[in-house]
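In the two complexes that follow, subunit A is the common piece, with subunit B as its partner first and subunit C second.
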Partner chain A sequence: MNVISFLIGMTAVVSGICVVGLRNPLFSAFALVVNLLAVAGLYASLDAHFLAVSQVVVYAGAIMVLVLFVLMLLNLKSESGRRLGFVRCATALVVGCMVVMSALPPILAHFSGMSSSTVSDNMMSSVGTVQAIGRELYTKYVAQFELASLVLLIGIVGAVMLAKRKNVELAPRPGGLVGGSK
Partner chain B sequence: MFELLVLLIKVGFVLNIALVLGSLCTWLERKGSALIQDRVGANRAGAFVESDRWYLKPILPVIRMMGWLGVINTLLCDSLKGLWKEDFVPEGTSKFLHAVAPIIAVMPIMLAFAVLPLAPDFYLFGYRIHPRVAPIDAGLLFVLAMGSVAVYGVAIAGWTGNNKFSLLGALRAAAQMISYELPMGLVFVALIVVYGTLDVYSIVEQQGDLVLGFLPKWGVFMQPVGFVVLLLAGMAETKRGPFDLPEAESELAAGYFTEYSGMKFLLFWLGEFCEIALFALLLALLFFGGWQIPWVQLPEGVWWAALLGHFVLMTKVVFFCVLQIVIRWTLPRFRYDQLMNLGWKLLLPVSLANLVLTAIVKVLA
Partner chain C sequence: MSSVLTYVGLSMVLFVIGAVGVCLRRNAIVVFMCIEMMLNAVNLAFVAFSKLHGNLDGQVAVFFVMVIAAAESAIGLAIILSVFRNIESVETTDAGQLKW
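And now, the complex of A and B:
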């Protein structure tokens, strides 16, 4: 089990580096898909099956497909050796350090032998089930859950508004075909 | 060690089921389409085979029969032809992605079989055997997830084709698969509301009960609207039947796999036929009671009952395979706007209303 999680974790790390390192945006997108799938694998190895499956359905299955298609249709060429400026490098360094710092305490605690997490293995196996997540979502976190759905609704309405064409009135074509919508 | 062995046997068995059902569909498609179109179909290869070898003599009639039925032609000759054909790769595109795309198209379909039970649990040598590879909690969602991952195979194939027909086919396929996943997911949610679980095994177990004293608690009786919606959405998911716009021969050459040849091309076909089988299995398990025989209670945990249940399930699966093939060869192709209208303006609202209605009934009951 440990070997498998290690392999999945390495896949996630390598593909993550590929996402930012590869020159061709399309290959970066594919690397991101692999990364998302690997993270789903990590969830699954922690017995959080529902989380893993939702990760695949939502991120890998829906969002990335759209990203991929935009990239394919734009037909972008791979970026040729553009230098990163000082500001960008500095920002990346600072943000990276902050992320590592935030993850540092549990890692250190793990390696010094005393796990800081109070979650036992027994609890872990019941946390990831659909029932447990559903109960938590609809009792403890119901306000946040409803807020999230409100945000999504706003997003949907916004998308519809953007997609709706305004004042498109095309003149009849000489061939007699009437084009455009009213 | 023993558990690992059992797991390996199960993996082999499930993979075998997937491939056998896939090849059965291939043959059914060839001969069935011939039957429907009033042709004879494949009936030559192997039909007149002669041999003086002693070990071939007794099985010669069987081989001739297989040849006459077109089995040898569709399964043996076609696959050998695929293996020996030139493997053409178009210029100016990623060779790696071109090679990987058919694998990505097939692999998720095979994986989805892992969570579906193929027979009731039974005891063998005092050891309880679950006839499925991965008994995970969110089994039904896993099938949906694998369906959405399969889009990548199509998308990559269309892009690496490096021509407009392929890309158009891939675009159509992705749009179609994403659109029809929504009603499919909503039907699954309604089923979950009815049976109160995401576990396919538990859903099938519950379908052995009776409602109102005489009606089997099958999904088709509990969710008749859901069944129709899932049948349509599933056929659109498999990109076949009246929904074969992504590969519309008369418009796009062959759509997303225009530039594929040899075994890579056949892999797409295998994936498609396995998807038919997967969908038929899903229909049989969720809506037609799986291995349950109506009004008959089979003893629990006995090996022969499990075997009988498996055959019952497979009979239903083959029925749905045949149904899909008959629909595919009977109905003409949709127009693209009709396809999108059916998905977004009919199936989605109907499945939503179905879900709300199911929830209301569930709360009141």
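And now, the complex of A and C:
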């Protein structure tokens, strides 16, 4: 991990704290955009080129545009008045750390049980270019790939069903589309 | 190897920040964004371990997580929108009733 990726990692952590700490949801959303872009940079530094690009396009592009669209649509006020108490913050931190601690022993066992010689010789073969990821996706994971497209289809239909207004008038008004009969 | 361990540590830090946000914040959209951040932390760990092991299975897993996250964000924001239509608020503490 060189200096640049260390700085990118610090950017990710600081912007992540900003997502949680900022009062206005709009500022949180912009901090999350910075966070997602920083994680995309980390992917690039880990030789996962395809994932870095699709992180920028899918997460920082599509999903965050959707989140910002809903935020603007709802016209929210920031969480004012009620300050976050110290006890509440401490409890949340303890809960979060406990979640991670539960995953820590297998990870450490994994690292301690692994000799460094077996790692270094196959280090070079894992460059995640579009070609390599595409070959994996369309040979080894083709069933899961098709299933993912089905999940996306169900997601689209479900989103339309949930967000649809119940009693919207679809019939055109007698005055036509312009409607303003004087 | 220590480099990969640094990435895994960074992923843990991001996951804790996301989990703290889910516990702390009341705005449902911010909670949603914190969940996205936790997913990203796990993705970072996947990519780091993929680099460590020298195969691409972890990166394919990240691709599928991205697909599921896209579908989940569409559904989740639609749910938040319809909750807002019912109770005029997206605060998680206000959505206390089970039936409208």
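Convention: the second predicted complex is superposed on the first by the 114 of 182 C-alpha atoms of A that agree within 3 Å, B and C clash if a C-alpha of one lies under 4 Å from a C-alpha of the other, contacts with A are read in each partner's own complex, and residues count from 1 in each chain.
Methods note: contacts are C-beta pairs under 8 Å (C-beta built on N, C-alpha and C of every residue); 3 or more make two chains touch, one makes a residue touch a chain.
Please read all numbers here as calculations on a predicted model, not as lab measurements.
In the superposed model, A:A143 makes contact with neither subunit B nor subunit C.
Once the two complexes are overlaid on the shared chain, A:V87 sits clear of subunit B and of subunit C alike.
In the superposed model, A:V130 makes contact with subunit B only, not with subunit C.
In the superposition on chain A, A:M72 contacts subunit B only, with no contact to subunit C. Using the contact criterion defined above for the overlaid structures, shared-chain residue A:V56 touches subunit B, although it does not reach subunit C. Contacts of A:V3 after superposition on the shared chain: neither subunit B nor subunit C is touched. Once the two structures are overlaid, the count of subunit A residues touched is higher for C than for its counterpart among subunit B and subunit C.
Of the residues of subunit A, those at positions 50, 54, 62, 73, 128 touch subunit B in one of the two structures and subunit C in the other. By the touch criterion given at the top, residues 1, 3, 5-8, 10, 12-21, 23-27, 29-30, 32-34, 36-37, 40, 43-44, 47-48, 50-57, 59-60, 62-64, 66-75, 77-82, 84-85, 90-91 of subunit C touch subunit A in their complex. The touching residues of subunit A, counted against subunit B in their complex, run 26-27, 30, 33, 37, 49-50, 53-54, 56-57, 60-62, 65, 68-69, 72-73, 128-130. The touching residues of subunit A, when paired with subunit C in their complex, are 1, 9, 12-13, 16-17, 19-20, 25, 28-29, 32, 35-36, 39, 42-43, 46-48, 50-51, 54-55, 58-59, 62-63, 66-67, 70-71, 73-74, 76, 79, 84, 88-89, 91-93, 95-97, 99-100, 103-104, 107, 111, 114, 116, 119, 122-126, 128, 132-133, 136-137, 140-141, 144, 148, 151-152, 154-156, 158-163, 165.
Looking at the complex, you find that subunit B touches subunit A at residues 94, 97, 136-138, 141-142, 144-149, 151-152, 155-156, 158-159, 167, 170-171, 174, 178, 181, 198.
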